[in-house]
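Each of the two complexes below includes subunit A, the first together with subunit B, the second together with subunit C.
Presenting the complex of A and B:
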């Protein structure tokens, strides 16, 4: 369908106040639960502090208010959480672009039922690792990280709010030059507005107190219309100027992402001898395989006898990462989870993202975005 | 129906954070806990598989030997254990714990023994003797300029190994020493020294390297026990280096703070002295079955079926770590609390409660 743009906000006063940008996303979730269109909503709730986002399944619409607020320091992944543990219910889920990409690949591979899921996309400029965030707040903001009550990313700045209501901000460029700021894979990510979800929601181009929504699918369109008819949200049309501002922000961010792709995947890409050093550290713990949202085979080739040599000190990179690369790199959505969980700090997402990019340049297939499966995909494992 | 909850990994003594995925009250997986300062969401295979501990081989009911082991109610099991304990002299009673109980359990067990006047008490220290000095925090490992490692840290305790890797990326010099010809830690160090004995290795160490006051030097000792461990500690203790001994179980350090550390020989000696034994968490039958044969009455408290349970006269089903609230102290001395996430299976209950109820049945006030 032709994309539609609108501005929305929650009619419920508490949701409007506590939610980001007028709480439209929370109101849509509340509507879906109240009308029993879904059995649960998967989203993040705040744990011990603003650096602790915990995936939470909300089944009672009164609890939606507890999921309000932004959490940029929670680099979570919902794709395999759904395909492995929530495939038996009708679900609504808030998705960052990488979540939406993983879900899309899993839908194509029949691991998630597209009819049983509402994907409410959230525009995303990137996430920050929690411990990195705490360190950088201490160093660049001269603030005890425990005193931060809220954070947001706006106009190229990472902004923190303290208990007394004061705000402090630092340019993200400055943080990233010094090795802090967003995760490296987020810096390289080109999908800032998740048009692979049913709706793409965010504050870019929105007036204060309103959420800018791009309606992407028929399912998303029906949801917004019915939520409005049933009194859950107020809706209005954004101005041409608002649409233009949003587009401009998106384009600037994509351009920046391409610059980072050049930096991380070409200019500063590790040399072969550096990769030798990285592979030497590998403890073959399978964390990268197990966390990959798109890798789902029940019988993994890597556990077959001819690939397992217990006495081997550091696995042969060809028969471990080589096999993983040959199976998964076409489908890599650059979510960065493999790199996040690697106990040995091997920059895995860089090699996978680089290969996907080359594959994309040659075949036009974009993992997580294209409607079809990768050209070399074998459906034998489903 | 689905819950993701924070906990501390019970698999080794590093003390990583891990999230458990609970579906319909059953642990079905783990999820990265990126906010955790020790491991930032990274876990080794053992850590990621830790949820399986909750589902395997569980004890669900109190058991009493009547020929074979039979299910009984709590009242009967505790009554029997209490009356047996009361029928022996204090010096005939032995209590042994393992290194993976909670600090709260050690405290309660210690109070139980003190109130009862039992001196034959300790935990299975896996041959690592008690030590008393300030150990290196994990952040110091990462910030070191020089690290000497005895043992294969990268393989055995990968999330401590990660700190070594980060130190190396920061420019630190890493020297590893161990018995095998090749180790994973060795191939990732600047120098690997294959040793024949720790004493000859220590004799040949150039102390000047370690004593350089300009730099932060850390020594990590793992995989050593008994005399070797003690000699290494003595050697480094009076130098300027920071020391980090790697203990075996998730709360060995906590146990050491509260109960006597017993080596295998000392455990055997203890068993020779006593006639009735109360085992909490440990599995002595797996390493000294012969010695257990002297015991007239055996009371075992555990969350799973093990060899000792099968030999016991009374079995008290306790809880797995994620089924109770408590704390573990990691090998670097940091105490971390964790919360109860799921209910224990069947009629199993919290371990502190079991010890308290046993004391109550004996007329003891803890």
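Presenting the complex of A and C:
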């Protein structure tokens, strides 16, 4: 369908107030639960502090208010949570573009039922690792990370709020130049507006107190219309100027991501000798595979005895990551999870993302975005 | 190991390329003894992990031969392999293995001469780049082998 743009705001005052922008996302969730169109909503709630995002299944619409707001220091992944644990219920979920990409690949592989899920997309400029966030707040803001009560990303700045209401901000560019800021995979990520979800919600182009929504699918369109008719949200049309501003910011972000791709995947890309050093560190804990949303096989080749050697401490990279790469690199959605969990700090997402980019250049297949399965799975004579 | 001793693993599909090797053999066309042939039913049976495994076990070059497009006895096997082969070509350099160490070709059962030529060319290429030197694994294949007995 033709994309449709609108501004939305929760009618419920508490949701409107607590929501990151207009609380529209929360209001849509409340509507879906109240009308029993879904059995549960998968979102993120804030745990002990701003660095702690806990995936939460909300079944009672009264509790939605507790999930309001954006957590930028919580690089979670909802794709395999759904395919592994929530596949038997009708679900609505808030998704960053990488969540939506993983879900899309899992849908194509029949691991998630697309008819049983509402994907409410959130635009995403990137997430920061909790540990990085704490360190940089100490170093660049001169603040005890425990004192931070809220954080936000706005106009290229990472902003923190303290208990006494004061704000401190530092340019993300500056943080990243010094090796802090957003995760490396986020810096490289080109999908800023999740047009692979039903709706794409964000603050770009929005007026204060409103959420800007790009309606992507018919399902999303019906949802917004019915939520409005039933008194859950107010809706108005954004100005031409607002739409243009949003598009402009998106393009700037995409350009920046391409620059980071060149840096991380070409200019500063580790040479094979450096990779050998990385691979030598591997303790074969399988965390990278376990956390990867695309690696869903019940029986994994990496545990077959013809590819493993018990007396090898670091596994031979050819039959460890090489085999994993050969199975799924073309479908890598660059979510960064493998790299985040690796206890030996091996920059895994770089090699997977680079391979998917090459595959994309060769075949046109974009993991997490293309409607069809990767051409490698095709049975056709072509 | 001298250049002459390079090891090449050749996966050949039963219906065409293996037949081509056979034709070369019966006609007494010499091809380099470096090539060790493994017969598979179809090139569509080969997946990239098998090529990786061959390199891990000490191959200096890997060859895969299937039927010409349109001639696969299982209809689309060689089309499927062709797509995987492109991925192998991209993957090997990531592990410091030169692209030239991997080759795939379509050879029919009657093409004994093409088989011979291809093997000669490929063996020459591998000899000129020399044996594959890898810094990993730390334990040599030989040590692993003795450890297991």
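Just so it is clear, the second predicted complex is superposed on the first by the 377 of 382 C-alpha atoms of A that agree within 3 Å, B and C clash if a C-alpha of one lies under 4 Å from a C-alpha of the other, contacts with A are read in each partner's own complex, and residues count from 1 in each chain.
Everything below uses one rule, namely that contacts are C-beta pairs under 8 Å (C-beta built on N, C-alpha and C of every residue); 3 or more make two chains touch, one makes a residue touch a chain.
Note that this is a predicted model, so its numbers are computed, not measured.
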Q) Between subunit B (first) and subunit C (second), which, if any, makes contact with A:266: first, second, both or neither? A) neither
Q. Can A:280 be said to touch subunit B (first), subunit C (second), both, or neither?
A. both
Q. Touching A:345, do we find subunit B (first), subunit C (second), both, or neither?
A. first
Q.
Under the stated touch criterion, which partner chain does A:247 make contact with: subunit B (first), subunit C (second), both, or neither?
A. neither
(Q) Let me test your reading of the model: by the given contact rule, A:314 touches which partner, first (subunit B), second (subunit C), both or neither? (A) both
Q: Have a look at where A:86 lands relative to subunit B and subunit C in the superposition and call it first, second, both or neither.
A: first
Q) Touching subunit B and also subunit C: which subunit A residues? A) 280, 313-314
Q | Footprint of subunit B on subunit A - complex, ascending | A | 40, 47-49, 51-52, 54-57, 59, 73-75, 81, 84-86, 89, 129-131, 280-281, 283, 285-287, 290-291, 313-314, 337, 340-345
Q) In the complex of these two chains, what residues of subunit C are touching subunit A? A) 47-49, 52-53, 55-56, 69-70, 75-76, 79-80, 83-84, 86-88, 90-91, 93-96, 134-139, 144, 147
Q) In the complex formed with subunit C, which residues of subunit A make contact? A) 272-273, 275-276, 279-280, 301, 306-307, 309, 311-319, 322-323, 325-327, 329-330, 351, 354-355, 358-359, 362, 375-376, 378-382
Q | Complex interface listing, subunit B residues touching subunit A | A | 1-6, 19, 21, 23, 28-29, 31-32, 34-35, 37, 39-45, 48, 154-155, 158-159, 161-162, 165-166, 169, 182-184, 187-188
